[in-house]
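In what follows, structures are represented as structure tokens.
Each of the next two complexes has chain A plus one more chain, namely chain B in the first and chain C in the second.
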Partner chain A sequence: MQAMQPKKKVAFPRYAEYNCAVRYLVEQGLEATCVLQPALTRHTEEIGAKYSPDFVCTPFKTVLGSLIEALEAGADTLVMTHGLCRLGYYGELLEQILRDLGYSFEMVNLSQYSTGRKKDWLKAAQRINPKIKLPRAAAALLETFKMVDYLDEITARYYQNCGFDATGGEYARAYRQFLTALYRVRSRAEIENAYHEARQAFQRIPLDKPAHPLRVGIVGEFYTAMDAFSNLGTEQKLADMGVEVHRWMNVSHRFLHYSGEKNLNVRIKDLCTYEMGPTSTANIWCARDYAARGFDGLIHIKSANCTPEIDIMPVLQRIGSEYKVPTLCLTFDSQTSDVGLMTRLEAFYDMISQRRRKTF
Partner chain B sequence: MNARTLPIPGRHPAPPDKLVIGIPRALLYHRYAVLWKTFFSELGAQVVLSPATNRTILENGSALITDESCLSAKIFFGHLQTLVGRCDYILVPRIANRGRNREFCVRFSALYDMARSIFRQTDQRFLAYNLDVLAGWEEESAFLQMGQSLGYPYKAVRRAYDTAKREEQRTFKAQVRAQERLYKAEGIKILILGHSYLVRDAFFGKSLIDTLRKMEVIPLRADLVDREAARRAARELLPTCKWEMNRELVGGMLLHRNQVDGVILLSAFPCGPDAMVNEMLLRRCKGIPILQLVLDGQSGTAGIETRLESFVDIIRLKEGKL
Partner chain C sequence: MNQAYLGIDVGSISTKGVILDDGNRLLASAYIWTEGDPIGAVKKLVSLLEKQFDKENYRIVATGTTGSARKLVGTIVGATIVKNEITAHAVGTITFYPGVRTILEIGGQDSKIILVENGVAVDYAMNTLCAAGTGAFLSSQAKRLGIEVEEIGGYALRSKHPTQIAARCTVFAESDLVHKIQMGHPREDIIAGVCNAVVANYLNNVGKGKNILSPVVFQGGVSKNAGVVAAFEKALGCKVTVDPNGHLMGAMGAAILARRSAGRKEFDFAIEEMTFYTREVSCGRCPNQCEIICVYCENKLIDAWGNRCERGAITA
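Right, the complex of A and B next:
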């Protein structure tokens, strides 16, 4: 009889709060151990930037730092996603840099498996657990989707309302509890439970919200716009000023409920004819949608050197001038300071609130 | 309606006689010049080129787009501006990929729509063809559709495309053969590994090549190579690299690395694919002198010349010729 293979210790880079879903899929679906490295810090960015090429986009540096922290925390198998922009080449270069640094690990680079054939994804999963049980993995995958769905829904609701919390902290506490619960769930029932508790808490906590609060829409790059550490908590900072913060872009909207490139593109045919980049159509549509719905301001978040997001800037400027909606473009790299960002956000807030007073 | 019969935007019933088509002499012009020029002149259109790159073009282009864009895009928009208002159409194709793992930098997907947004105050019309094989748009069908949308009959467009394609292949093969002969020449040979739009640019690449020639070095271009063989050769070194042009360049180097004395990695600041692929090349390719040059449009030529001189000196020293 064959000896029992030890469970692989799998790690994925830190990415907003989605690591709870990765952990669920790895542990419940693939029956491996998921190593959860520490949350992103300045230190993560610094070690990442130190070993990265200079003008690669900032998420690469953060991801490299996060993978180094995962290896230090005991991971022996790293999973890196594929992608449609430069992200698709992250895996190969990350592996090379880590090997040159002397780390020893197994790399599952999904770029190698994105061949267009579905069964190749199974091969990638078998690298993590050769004895994968398909029914179990499929069920866990669906539960993971549900989890991401709930996470995005609660997060969206949180940023739309937390600035108007009448209790001075209950709302934030309920959101934190929800996140903590998601990092611990082991079954479908526990996922549902965490979700319903968060919903009930959000309904219970009294809000002090005007009938027409200031609304700001956030569009931007798939990593930096969603990851609170990478954008220095832009959403929280805005919400704390008393703004209803909207962000359509998240994993569930882009992948699970995406209406498809073509269906989205028809709505912005006048602005853009072709798909300009992997998230460009969604961002342009979304920015226009916010503008048309009378939002008070738009914020475009991207990392330094993000090619597709740099390229949609002329279109966003056009939306801004045609709909007369103030648009703030923020670029984040590992140097961006918290104070500088605060000054810009305060100035932006002052401007949109004064415009509001003039119009009403 | 099937995707292939969809009219391209900005279509109008154009009189097929003497359309003026503007072509910016930047970016993919340096790859597709023969194809584009032959296609339009075969159709009977008049082709207008933008002037060779100069500092004014770069400055105007930099003012049009955000300063975070790459040097090559800034040059491109400068070229575009010189053509605006002077032609019926300006050609800005949308080029996404030629198939799986044969993709282009995402910026080439965005240029057409960027141009439309940037020049929206003018009534300039832009002309695109959509090369996106993964979405069902082969070069041939894209050209047929573009030609017909201008009002030319199918047969004429078909003939123009076939002629242009033949002409493109013939000239490219001749260029490759001419360079193959240079590999066998006597003297110090340095291979320039950089995108054709940088190496062939009249402002940036030309000054580099002239400097090398002055030092009695034979400059060679990595992009002049049997493209298919080069892509195959790059497979092993860059297995998941999906950028067509970077694979060709790296493959071009791998096929000839024993015939040259040194390699210059030439890239524009901050070129997305180059940032990653060149890093990989430096990490995986040992045993040949490599100089990495990044052009940012700010520097005078003195800094570059100094670096080239010391690089060539090192090669001469290494070969005992100094």
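Right, the complex of A and C next:
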């Protein structure tokens, strides 16, 4: 009889709400166990910052803290993403720091497999489960993509409408229920079910929304712009003031349905000659698209020391002045206070709503 | 009986208060140091205002607070409106200077720029993560040079050849400044150099990429410094207006906002006599460990804030 190989206990850093999709892929596709560490908290950030180089960008600190929490929760295999900026080197650095701290674990650093050849992704998957069943894994991968699609679609709808909830909380409750369901799904049918329930709930809940609400577009760095903990809930805070909050940047738009760096770059050729970074082209294109569509304001979110996003700030300033759209740049660090953020967001809201009153 | 409106602006370094009438005339004003004690400063401020205030003919029907301690102070004085300092400054300045296009503001710990078009703020920026080039830097350098911060302006204007001082970062500016002192640069030139450094830092940070159009109004505590005003005029190539009450503009904005908003509640000078204190509690219900501030009046909890979710909610 063949000896049973124990299942690997796999963990991925906490990242917005995408860990539900990671869990689905690991458990349904790779037949391993996914360790879901606690959601990001100040404690995560503190332990991460303690062992990180001081001048590294904030997501590194959060990710390190989250991986430590995963190891403490019993993970034995860590997966770290590849990346198109410094992020590409983070896997190696994280591994070294964690080993120096004395943790023992297996590291699957996707940077080593992102060669462009599909065969190499398979090798990474085989590190997690050497006896991977290809048809099953392929099917689960497609289902995971579907899940990310649904998650992004519902999240976008949530932030566009939750500020106008007429029931005082039903909308937020429906969104939370949807997220909870996604962390539990085990099949395609359950994914579809969660999605349709959320859609129906959103349709059913009465909204008190004016015909032309204030619209703010959010652009920014891939981690901080999307992760509510890292940006201190900027989207929710804005929405609660009665704003329709739009954010194009998410995993499905940037990866699953991305039109390609070159195709996007030609649309902003008049603004920048070269490709500038992992999300810079998309952010510039997106900011101008929001401006051209008559949005009331743009907010740029980045972590401190994020070079690609610092580079696009002059372009955003130009878009802001050409289209006369107020543009607010926010930088988040592990010490950024909630009070300072509220001051800036309230002032931004006062400004865009006053402008509206004078122009119409 | 005429109606009056109280505006209080509690900043990191100074606490400002004004009482305005319906025509925006100043009935009383005070400017004192916060000295790390916003509650004590406000009580002192209120007693100073009370002495100037004509209680026979006016009564205060609405109160606005602004500045970094706006929430705490708003709770204590029973404010009818609590507004961020950016909006308060914009509203105050636009009321007194309807044609203004650019508002420069440098306070004790923060600096901001507000661009105005047709009497409406259309863009703003505020310093983040770094307080380089604010009033705190000026006062620490004045101390180093053994002069009062109020004297800086006079010294700076006497300088013929301002010393070049690295303006990028307060820490580097300070070491550069020490170096230049030890090299033997005259004090006037060093001080003028510091004023130029503040302006260069401001224009490179908060003013970056902003189209600064005339008329320009400069306010905040640092606007009282003639050396910095001169440095701004030179750098921008246009006249920079400083209102005699520019240091009170945030408080005036708060008073004007209180008048315009619907809330009405008579202000009671009795708060001078009451004891207020705050306590910080750490919510232990999740690892976020939110720091919740509880405000007490005469040993009774009147408000609490700082929690990120309902689990940490404390109600009076």
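Throughout what follows, the second predicted complex is superposed on the first by the 358 of 360 C-alpha atoms of A that agree within 3 Å, B and C clash if a C-alpha of one lies under 4 Å from a C-alpha of the other, contacts with A are read in each partner's own complex, and residues count from 1 in each chain.
Here, a residue touches a chain if its C-beta (ideal position, glycine included) is under 8 Å from a C-beta of that chain, and two chains touch if they have at least 3 such contacts.
If you're wondering where the values come from, they're calculated on a predicted model, not measured in any experiment.
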Check: Of the two partner chains, chain B (first) and chain C (second), which one does A:85 touch, if any: first, second, both, or neither?
Finding: first
Checklist line | Partner chain(s) touched by A:326 [first = chain B, second = chain C, both, neither] | finding: second
Checklist line | First (chain B), second (chain C), both or neither touched by A:96 | finding: first
Margin query: Once chain A of both complexes is superposed, is A:304 in touch with chain B (first), chain C (second), both, or neither?
Written below: both
Next item on the list: Compare chain B and chain C by how many residues of chain A each one touches, and report the one with more.
Entry: B
Next item on the list: Report for A:312: first if it touches chain B alone, second if chain C alone, otherwise both or neither.
Entry: first
Checklist line | Interface residues of chain A shared between complexes with chain B and chain C | finding: 304, 313-314, 317-318, 329, 331
Next item on the list: In the complex, go through chain B and note every residue touching chain A.
Entry: 8-9, 65-66, 68-69, 94, 96, 100, 105-107, 109-110, 112-114, 116-118, 120, 128, 130, 238-243, 269-273, 275-280, 283-284
Margin query: Give the list of chain A residues in touch with chain C in this complex.
Written below: 38, 41-44, 304, 313-314, 317-318, 320-321, 324, 326-331, 333, 336, 338-340, 342-344, 346-348, 350-351, 354-355, 358
Check: Mind pulling up the chain C residues that touch chain A in the complex?
Finding: 68, 71, 83-87, 90, 118-126, 128-129, 208-211, 286-289, 308
Margin query: List the residues on chain A that touch chain B in their complex, please.
Written below: 53-57, 60, 84-86, 88-89, 91-93, 96-97, 100, 109, 111-112, 115-116, 269, 271-278, 280, 304-305, 307-308, 310-315, 317-318, 329, 331
